[in-house]
Each structure stands twice: as C-alpha cells, then as structure tokens.
C-alpha cells in the first residue's frame, strides 16, 4: 500500500514537473525541474526493485548530466534571461496535439495492456553480482559486446565533444 | 564466534521492535519505528554537526597555539550550541535579484544529499538505516546531489563572487567525484561486494587498508584527498575562498539558509571520514585477532559504535590537520592534481588491485588462517 | 618527462609532510594566549607606560596641580582638551583665573602625549586603565577635575626633564 | 469510500499507471521539443523523452519478463547513450552559441537561408 | 653635476638653475618634457627614477616639483625640477607618463589636490577624491566649508569613463575614454574585502578566471593629512606619520624628525640615535612579519598568519614597554626620543633575536618549500627591473626585481653607516622572490640589532627643544628606508611655525600602481597572492 | 523494514529538517527592510552590469570528461564485485574497456584540455 | 530580568563601567512588563546571540591591524567564540568599524550596514571611528561613524589595545543579554 502511495506521489511529481520543465520561461529553472523529474524516475526504479538503476540514474543524471546542463546554461545564458517560445497560437496547437497524442496512448494502454502482465518482485536486477556476471558474459542475454561497444562510444564522445567545443570561430 | 556485547545498541533496537510489534498492528509499529528512526537520525545529525564545529574550532586553535572557544560553558563546550541558537533566529534576507525558487531550493540539495549519505553509514553493529546492496555506489551517487546545490546557490544568487565560486565548485566537484569513485571501486574489487555492511563484515580480521597493502594505501590516500576536495574544505575551499571571493557561492545567504550550508559542510567532512572508516578501516568492527578469544571478547566489550566514532574521529583529525597546514590550491593546481596525478594513478591502481586479488597476494590470500574470515 | 613527473610528485609530497610536521609540533607547544579578562587581576600584561586615558591626579584634599594655563590645550593637535577657566576672588581680594572644568574627550584623543609632556605643572598623567568602552558617545567626554577640587598650593619646584617625560615616575 | 480507496491501493501498482506516467513525460517532451525555440530547451525535452523510454524498458521488464534483466540492461545502456548524446549535443550548442551569440533555432534557420 | 648643468643649459638655455643641494632647475611647462628626456637619457648617469612628484601652490602660481635620481646608484646624484603655471583657473601641465610610469597616479593625485591637469596623461581622473568633489583641497585658497562637500551616504554607481587631454597643433583637445570594454565582466575587489590589505579598490575585468584589466581606485581612506599638517606646529605633525604606514610607524616618524632636525639644526644625542635605529629595525621586522603573515593568509594558509602574528606580538610587547604604544608608538620626537629605554630592554631584545632566528627556520620548513605555495608564487606576478625602476618600486619588492634601492646603503642616515649588513637582492622579480626577500630582510635586521644592542651609549636621550619650532625658509628633503621602500618627506617652509607645504612620498603608491601591470593575464587567485607579496599599506597611499 | 522504505524515511528526514528549520526561522526571526539590503553585496559597491559572465569553455570540457568517466563507472561497478568470479577473462575485457577510456584521457591531455585556461 | 544577573565571566558586575546605562535600559524594559516564560526564552536567545557574535571587520586603517592582533594567538578572540569572521555582511552579527571613515567610504559603510541581517550591532573601535580622532579637522573625514550608522559600543583608544576591544565586546554582550526579543517593536 505504501508502495502505491509513494508511486502516486512520484507520478504526480513527474507529471507536474515535466510539464513545468517544458513550459517555464527561465531555462535554469527548467533544468532544475527536469532534475526533479529525473530524480522521481529514480524513485520509480527503486519501487520497481531496480536499486542499481536508481543509483545509476542519480549518479549519471544528477551528478553528470545536470552539471553539464548547468554549465552549458551558464555558458550560454544570462541569469534572468528567459528562453522564448513560439507564438502562443502555435504553442496552443502543439499542446493540443500533444494532449491528443497522450489521450490516444492512454487509450491504447488502458485497453490493451491490462491483464497481460504478471507482476512479481523477483530479485533479478537487484543482485549486483548477477548484473556484473551478465554484463561480462558472452552468452545469450549477456552483454560483453555491448559493454565494449559502449567504451568505444564513450571514447568517440570524448573526442567529439572536445573537438566540437574547442573549435574556435 | 558469539561474543557477549553488553553495550550494543542493537539490543535496544531489537527490543523496541519486539515491544512495538507486540503492542499494535504491524503497520502502526512500522510507522512508529520509521518516525523514531527519523528523529534519531535528525538528532544525531545535529549533534554531530555541533560536536564537529566545536572540535574543529578547538583543534584549529591548538594548531595555531591558541586556546579556542573557552568562555561558554566549561572549555567553551557549548559554543556551537550558542551559534546554533543565534543562527536560528537570524534574519533571512530577501535579495531582489536572486532567482527565488532556486535560491530556496539550493539548501535542500545540500542537506538532503548529506542526509541521504549519512543514512547509509553503518554506525555500529546493526546501526545502519539504509543498507542497499549497492551501498558504495549509492553513496557516490547520492553525494553528487550536493553539487547541484552549490551550483544552484551560486547561480541563483546573481552575485559575481557566487558565480565564480559556483563555477569553480562545479569543475572541482566533477573532477574529484571521479577519483573518489575509483578509489572506492578499488576496494570493492578487494572485498567483492558493494554492500557497506558486508564490507565491514569482510574486514573482521584484517582491515582492507592492510589487506590490499600498497594498492589499498594508495586508494585510501586518494579517497581522503578527493573526499576533501568534494566537501570544499581547505585546502580545497576554492568555491568559498574567503580571501578571494568573500564567501563564495553562499555570499548572499543569510540566517538559517547559510546555516544549512555551514551544517552540510561539517557533516560532509564527517561523512567522508565515516565512509573511509567503513571501507578502509574496518568500520565499526572491533580489532579482532583470529584465535585470541579473550582478547576479542575484551574488544567486543567496547561497543561497536564507539569503535566506529573513534576511527572516524582520527580521520576527521587528519582532515583538520591537513586543512590548517596548507595554503589553498589554485584552480589549475587543483585540476592538475586530479587529472594528471590522481586519475591516472587511480586507473593503474585498480589494475594492481585486480592483479593482487587474482593472484592471491592480498593478506587474506597469503595468510588465510590468520586473516581470513 | 616521466622522471620529472615522479620526482615532482615525491618532492611535493615530502614538502607537504614537512609542513604538516611543523603544525604537529605546534600542536603540542605551549599556548601563548593570555586570557583576558580572566587574568586581569593576575598576569595581565600592560606596560606602565601604556597610555589609555588621561587623568588628573587629585590628592587626599581633593586638590590638583592644574593652573589652567592652557598650554596643553594649545599643544593638543586635534582639540581633545578644553580648559575652561573661571574667575574667583582670592583671599587677598585679587581676581584670579582658576580651573573650572577640564574637559577631555577620550573618544578623540590620539595619545600623542604632547599634553603631558608640555604641561608645566605636571597636572595630568596618562593612566593605564584601558577598560573604557562605553555605550554612549557622551560618556567618553570626561571632566578630569573632580567636583569641588581646587589648585594645590605648591612651592615651585622644577622636576628634572627625564622624569617628567616618563609617566611611570609619577 | 474508504474501502474503495483501500482496495484500489491494495496490491502492486498497475502497470498502466507506469505507462501513463511515462507517456506524460514523453508528450511533455514532444511539446517542449516543438514549442520551444531554444536549443537547450529542446535538449531538455529530448532528455524527458529518453527517460520515458528508459522507464518503459524497466517497467516492461519487471511486469512482463521478471525473470530476465533484459529491460534493465537496455535502460542501463540507454542512460549511458543518453549521457554521450547530451555531451555532444551540448558541445555543439556551445559551439553554435560561440559563433552566433544565441541559441535560438529560428536564428539558425535564418543563418542557413 | 657640472656636466649635467652644462648639458641642461645646452638644451634649454632659458632654464633657471639654482645651485643648492640638490640641484634645482626651473623651467616653463612646455619644456619640462624635453628637460626630462635629456636627463633620462643622460649618458653619464640616467635620471631614470622619478622618486617624488610634488604638487605645489606657490601662491600665485601652481606647479609641480619633480625629484629625480638614478637607478644605477640611487641618490648618487639628485636633481629637482620645478615647473609652474600662472593660470589658476585652468592650469595645464605636461604629463611625464611616457617616461616614468610612476607619474600616472601621482599626476592624478595632483589633479585631485591642486586641479592641475596634465596633457597626454592617459587617465585624467581624480585620484583619492570623488569626481564631484568641489574645490582642490591642497590649494591655499581652498574653501573647506563642510556645506560645499557634505557627507553623502547614498551609494552611487561608478562611472568608468575618463578624460584625456591631448595637444594637437597647439590646441588642447579633450576626449572621453571608456576604461573597460562594453561587455567586460567587471568585479569589484575591495574596498571592503578581506584581502586588499585595507581599503584598496580594484575594479577588475575578468575573462573567466583570468584578469584582463585592473583599474585602481583609491581614496577610501584619504584623510587629508598633508592639508591638516599645514595648520599644525612641527611637533604636532609628528603624530600623523605613525598613521600613514602604521606598520612602519617608527621609521616614518624618524624620517620626519630627521628632516625637521636637519632644517632646524638640532643635534640628536648619540643614545637617541641608537634607540631610534634599534626600534626602526624592530619595526621593520614587525612589518615584514605582518607582511609575511598576510601574504600566507592571502594564499589561504591561515595558520601561517597566526604564527607570524604571534612572533610579532613579542616585538609589540617590547614596543609597549619602551613607548607605551603597540602599533602607533609616538616614540621619536624632534631632538631625540620621547622615552628612554627601560632597564631590561637590552636583555629582552637579545632574547628575541635567537628566538626569531629559530622561527625563521620554522617558517621556512612550514611554508617556503610547500609545493602548493611554490606553485602559487614562483613565476607569478613578475616585475622586471626596468618596470620596477619606471614605477619607482623600492623596498623588498624593488630589490626582488634586482634593483639595489636600499636607502640605508645608498644614503645612509642615523647609524646605518656604522653597521654592517647585506642588501638582499634577488633577480627573479616574482612573488616568491618578494616573499623570500622579506624573510631574509628579517634576518638582516636581526643582524643589525645585534650589532647595536650592546653598544647603546649612556647620556641623554633627548635634546631640549623650544616649545615652538620654526624652520628657516627653504625646501628640505629626507628619505629613509621604510618597511615597504623609500619613504621620504618634503618640507617647504616659509619660516613659520607651521610648514607651508608638507609632502610624504609613500612607497606603497608605487607598489599599487604596478598592480595592473603585473597582474594582467594572471588568475584571480594569483591576483590576491600578488597583492599579498607586494604588501602595500593603503593609508600610506591615501594619506 | 526494507531498504527502500528506509531510504524514503531518510529522505523525508532531510526534507523535514530544512522545511521545519526554515519555517521556524522565517516565522520568528526579526525582519527589517531597507532598499540597499535587497541588493547584492559586492564589497559594498553597487554592481555593474550583469553578474553573468561568459565562462571559459574549459569548465565544460572537464564536465564532459567527468560524464564519460561517470558512465564508465556505472559499468565498472558491477564488474568490480565479480572480479574474483570472472578471473582473467574479466580482466582482459575490462582492460580493453579502461584502455579505450585512458586513450580518451590521453587525447584530452594531449589536446591541452587539462591545462587550465 | 535584573541587570545584576547579566554575568560576564571574569569581570564582576560592579567592576564594569557605565552600568547606569544598562540599569536605565532595564528599567525601561520592565516598565513594559514581560511575562516569565517569554523572558526565559528571551534569556536563551540572548545567551546564544551574545556568545556567538560573528564579526564583520570594517577595517580601514591602523585599528584594523590591532584587530588582527586580537584575532591572533596572543589574544585570541576565538575564546569569545567570535573568530568566525564572515566577510559577507549577510552572515555577520556585529560590525566592527576599525579605522577612519572618510567621505568616500561613507556610502559603503552605510550600504554594508544596511545589508547586514538583523539583529546587527556596531562597535566603533578607535578614536577615528568614534569621532574622527586625529583627523577630526580634515575636510574628508567623517566625524564618527555614529553620523552614518547607529553605534552600540564605543571603544576608545588610538588604537585600542586588544584587551580594550575585548572589554568593548563584553560590554556589547552585556547589552545584548538584556535585549528583548519577543514583542519588541524597535528591532
């Protein structure tokens, strides 16, 4: 029961702040609201029993990406400067479309997804050793290759990021 | 081996649990327990902060051949209480130019980050609130929330000093978080688990610091350095560098809001020491020697939380010692230290540790009957 | 390059350790702090020559030595001293100017000692009572001669210069 | 009434609830991505969408195939890739800003034309 | 000197040369620059040090006195150049900033005090006073009515614009110049800042953490001492000197006393000379200790600060026992010293010397080799020798740039010709050299005291002087080596009991004027560290 | 008493601390108002221009490096717990992983990113 | 609360100077009448305030150096718990004006004072801050900071020795200890 209450609180937080994040004028606030959303998502992971995911979500998003965001905002925006949106008419239209899309999705979800799942609080995903072994294995459903590929991706990102950001006019 | 542990607090908690469960439905028992945990945690947090502030001021004074606070209570022992009372009723100023929302949110991040880490520390046998199986990683992840607080505080203050301070802080934090993480990872390799309680258990007969000898010592030093850098304390106090930036990122904060930053700073210092104690120095585990049962029994008479606080106190002292011995680093020195020294050394160190573990050259590997669990 | 890297590292670490050694030593040296106000009756060090406030010594007959000649007033560089005279009639019926009020502003004095040095009759001295903080500005404006005090009749006696300049001789 | 709420709250959270939450995030992201002209804002919106997807992976994993951590791994890799993507995207934004002193999409379009 | 005279007459036949000590040349404003150029490039002895720039109000004329000497052998030759203009409404003179950097701030000061504006000076704002100050305080006809310049408490935004006067074809043009670029990030360091050593105000344009430009503001402690002095008798003036550079209080006062004694021909007893010299050196140690402590504090080593202050306190105790003052000593008087030493004085000083030596070693171990400190001092804030000369930077900072500029060596006064000591000179010119110089000078001062302390002769410590001292008409100069460099006094007397004009040359002003140069391109943190290594005292600048 | 709910308890404790503290302070602390108080402090002078500055991109480059290593860490941590079980094979795969990243660091070093600008 | 209850370690009540000021002050307070609970709370608050005065050093000249000496080992202001020198006015409680205040500085002093958080106190240290001291007659010197901001305690001297400053701080502590926090209209 507690789980449900917490879930609904988190869901409310996510819903409000994701909407606020995309609609607020001040960009740094928007980033902060995004952070709230991300942290709540971390909370959802925790409810789902993926503790490791939660920690990863916090570490990467709160520690890494947010710092990056804030730095980037500091680099490109003045405090108090607001980020403009498209004209109100256009915005309304887009909002309508989004709400429409949301309604459509909800409809599908409610009508199709219900009762096809089995929920169990298994321990998969919460045992860190199991994750480690799975990640380093080469069998089916094991991810060594992806893991190594990530390293290449990261390398590419470092080089790309540095090159792009350092490029002078 | 079961030793008698008369002063252990876990007896009290177990008894309390029993009584509550006996007296009321489980839901309410749990609720009361949670509230109790919260209250205890809060008290411990505040009391520790007060003690730390007092200790720092006193020890600083001794390093500087002064006496330090000695007029409020005997030896000035309630000095920090007076400070707390004062700051509680100090005006909180509204500065027009600040970004109100973020300005108020920033201290939350500071406090919550340190509180969440604080909750994960095993203070003694069975005295750990949050014990995730990803313990070490959790601590790292959560502590990175603090930086958001600093960055937001600096940015929202709309003050030039704060801004410079926040930027410095960001660069500093992102650098040192890495080293701290890698140093802890080295120890995870050694203990084979991330759960803090298990890490402590695994050090029953041999502290990790000795178990992994060279490699562990290097990791220990690196962790202490980067831990301090993360907490923005001297000689890494660039973000609030008093002689340069007035008060750095919290220049515009007043009253209790400033108090929170102040509080979190001291608590973070303790948390770093506590984590280091847990991971490197055997946490709350009393000194044990395999086979010497009487000795072990005597050691167990000293309750585990005292062991823990004693070990942490030594580390806190070292941190103060360092703080009051060195001049402040400049930002480029700071980053050099991290990226050119600590990080490469750390990467190599992990490999050394892996080799040590795999080849059985750790102390437990070499002398399993003396040190093995 | 790599040699530099490591020797630099070790040298640096060594210098830091030496520095920490010094603070460690200081940790155990005797603390130099003098504990005012606990020591104010015992070990408090205040030199006898310390100039804390100007005073006008009165003897047991409530008599002072100031002839109200105003030398101190003219010598004072910033008008700290105000000598207010009044005219009285002596026994012989002569009109004579004597000291009415000797006003001294402690909050303004620069403690340059010129007044004491130049006073021809040594009527004023500096005391070393330094506890003078007050809550109001007016309290610092003092009247040095006591109520009802009068000039001490004295035989002209010239003190040697050396003694005069050192107040502790008083 | 009380009973109703209790009944509703009994048991695990229904899967639809998760999915709806993630849909809200996703469509908020879409709205932001289209409605805002600022590059940083667009990036933030993308971040929202990515998170929604990540959340779905985890939810599907937990509810549909609880015995295998596939979804979780996808989330893990998803987060990693999101991080890389953000880093490069921001690098590009900074570069654009340095050249144009602005991070407005419309300005960009004008420049292109 | 004869050759110089000839040289001057050759170039400027209409120059009026008065043959006194030092040689005095008066020329028309238009020719000053030419004359200076000649002297500057004089092959035999370059007059490349503009030691003093003294604004003067001679009654009907306003003008400037320049005191020149050479860096090669300081004070070996001295020349005084005078120039004046009769236009009191809009006095204009020519700037010397292209020859001597030190002229910049001095000319701005003269503008504030006398209203003389200098053509070609790149930055003609008032120094010390606010731009809207009415009247020129040091002019003889200054109206000091408080109503004219009431105290205001509303803060005003600082306008970063300056005026520049240039002469184009004989016509004076005035242009307004912005000091900073439009989008510079300007941050105020000071006046209420822990590390500006008082109330200096640097407007600093930053680029990230790097300093792009510094604009020096001063006057937050301008107390008008020179004006006050013009209404006070000579022994009343003395107490101001302690409050100029309060860390060299005794040395400053010594200087003024010597100047007055020289002028009034008062003999100072031997014993007083000894006491003065010993106390001077103790003052120097105290000042350097504080300098060291403050520099360490600026670098973030609070503990070092406390150690330095601890040792300094020992000296203060000695001071307090001698003269009843700790910081402001009021010890020297015209014709001697105010108080004789106390009986245990010698013993205590002799105890202090080995103690201090021990502590110097401790400082060395504690801070001088600390790798962090080294990184923050070596190669930071490099001041080249020619810059030091051009900015007339003397004292430990000047000597750290390789310029031998110790007055005690070059123009010995008091007992300095009888004692043996080394002038500490380093070549590097960076913060570290200044830092080490200060510590080494403490050792040298200890050495000097050691030589004197046992030989204090018996006798009187004061010559009796008249209650009112009059100085014969004339101009008098006296220089001493204060804690921060050459401190000197200029008295223009008209034979009254008060000076007609009294001017102090403060070493700190030069130090500050070089800050924009040596801090450019350094980091913000280093700027603070450099400030610490220069060790200026602000009331000394502002007076 | 599972960790997740305890985690929540700790979180709430932290938030309570701030909320309660601030609430109380705002309620009872004295208040005064004047115009200058609400302006920002800069050595006692009015600020000129915006407090925002065009910061050096150097800060950002460090952040990129950090993020990358952070991402690396999330993969390394699971690995580090199973080092013993994996043996040499694990060592090699991870050596490749770290080696590639070290290349990144080396690249940054060479490009002078690590030199503060 | 009675004046006599205001105890300062080390100096008995009778040996303090200017006690009459405090007595008047208390009389005024008592005339208003305060209930007991509140006054006990007040006592606690005042105890905290008076023992934790974080100074903001407005040091302009010589007296500032004496303050440094006060903070250093020999005198050690830390004994009073006042070594936490905050450079930001937002975080400090007592402004110690040490040194001459000149016309150019006056707006700054006012501004910094204004920016301090309540409760705030001002201590004028040295002749200059009290009255202009040696420079009263100057055209550019403010005749005492009381012209700009309200001063709570005056510490005469030129410069006052560190002990004098301590004495002044203790006077201030005494004043603070008598203050009324609740239902106070003034502050």
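Should a chain be cited, it is by its letter among A, B, C, D, E, F and G, assigned in written order, with residues numbered from 1 in that chain.
Heads up, the rule we're going with is that a contact is a pair of C-beta atoms (placed from the backbone, for glycine too) under 8 Å apart; a residue touches a chain by one contact, two chains touch by 3 or more.
Small disclaimer: the values here were computed from a predicted structure and weren't measured.
Number of steps on the shortest path from chain A to chain F, with steps defined by chain touch: 1.
By number of C-beta pairs in contact, B-F leads over the other of E-F and B-F.
Spacing of chain A relative to chain C, judged by their CA centroids, is 72 angstrom.
Here the spacing of chain C and chain E, counted between their Cα centres, is 30 Å. Centroid to centroid, with C-alpha atoms defining each point, chain E and chain G lie 34 Å apart. Centre-to-centre separation of chain D and chain E, using mean CA positions: 65 Å.
Contact of a single residue of chain F with at least two other chains is seen at positions 3, 5, 7, 29-32, 36-37, 39, 41-45, 47, 51-55, 57-60, 63-68, 70-71, 73-75, 77, 80-82, 94, 105, 108, 116. Listed for chain B are residues 61, 63-67, 70, 88-93, 97, 132, 134, 137, 140, 158, 160-161, 163-164, 167, 170, 174, 177, 194, 242, 246, 251-252, 255, 324-326, 331-332, each touching two or more other chains. Residue positions of chain G touching 2 or more other chains: 9, 72-74, 76, 79, 87-88, 90, 108-112, 115, 118-119, 134-135, 137, 158, 161, 181.
By the document's touch criterion, interfaces exist between A-B, A-D, A-F, B-C, B-E, B-F, B-G, C-E, C-G, D-F, E-F, E-G, F-G. Put simply, chain D touches chain A in their complex at residues 6, 8-21, 23-32, 34-38, 40-41, 43-45, 47-48, 51, 54-55, 58-59, 61-64, 66-70, 72-73, 75-77, 79-84, 86-88, 90-95, 97-99, 103-104.
Listed in rising order, the residues of chain B touching chain F in the complex are 30, 33-34, 37-38, 41-42, 45, 88-97, 104, 107-108, 111-112, 114-116, 118-119, 129-132, 134, 136-137, 140, 157-164, 167, 170-171, 174-175, 177-178, 181-182, 185, 188-189, 192-194, 246, 251-252, 255-257, 259-260, 331-332, 335-336, 339-340, 343-344, 347, 350-351, 354-355, 357-358.
Note for the complex: chain B touches chain A at residues 97, 99, 101-102, 105, 132-134, 137-138, 140-142, 144-145, 147-148, 151-152, 155-156, 158, 163, 166-167, 170, 173-174, 177, 194. Of all residues in chain A, only 1, 3-5, 7-8, 11, 14-15, 18-19, 21-23, 27, 30-31, 34, 37-38, 41, 44-45, 47-50, 52-53, 56-57, 60-61, 64-65, 68-69, 72-73, 75-77, 83-86, 90-91, 94-95, 98-99, 101-102, 105-106, 109-110, 113-114, 116-122, 124-125, 130-131, 134-135, 141, 143, 146, 150, 153-154, 156-157, 160-162, 164-165, 167-169 touch chain D in the complex they form. Remark: chain D residues 76, 79-80, 83-84, 86-87, 90-91, 94, 98 touch chain F in the complex.
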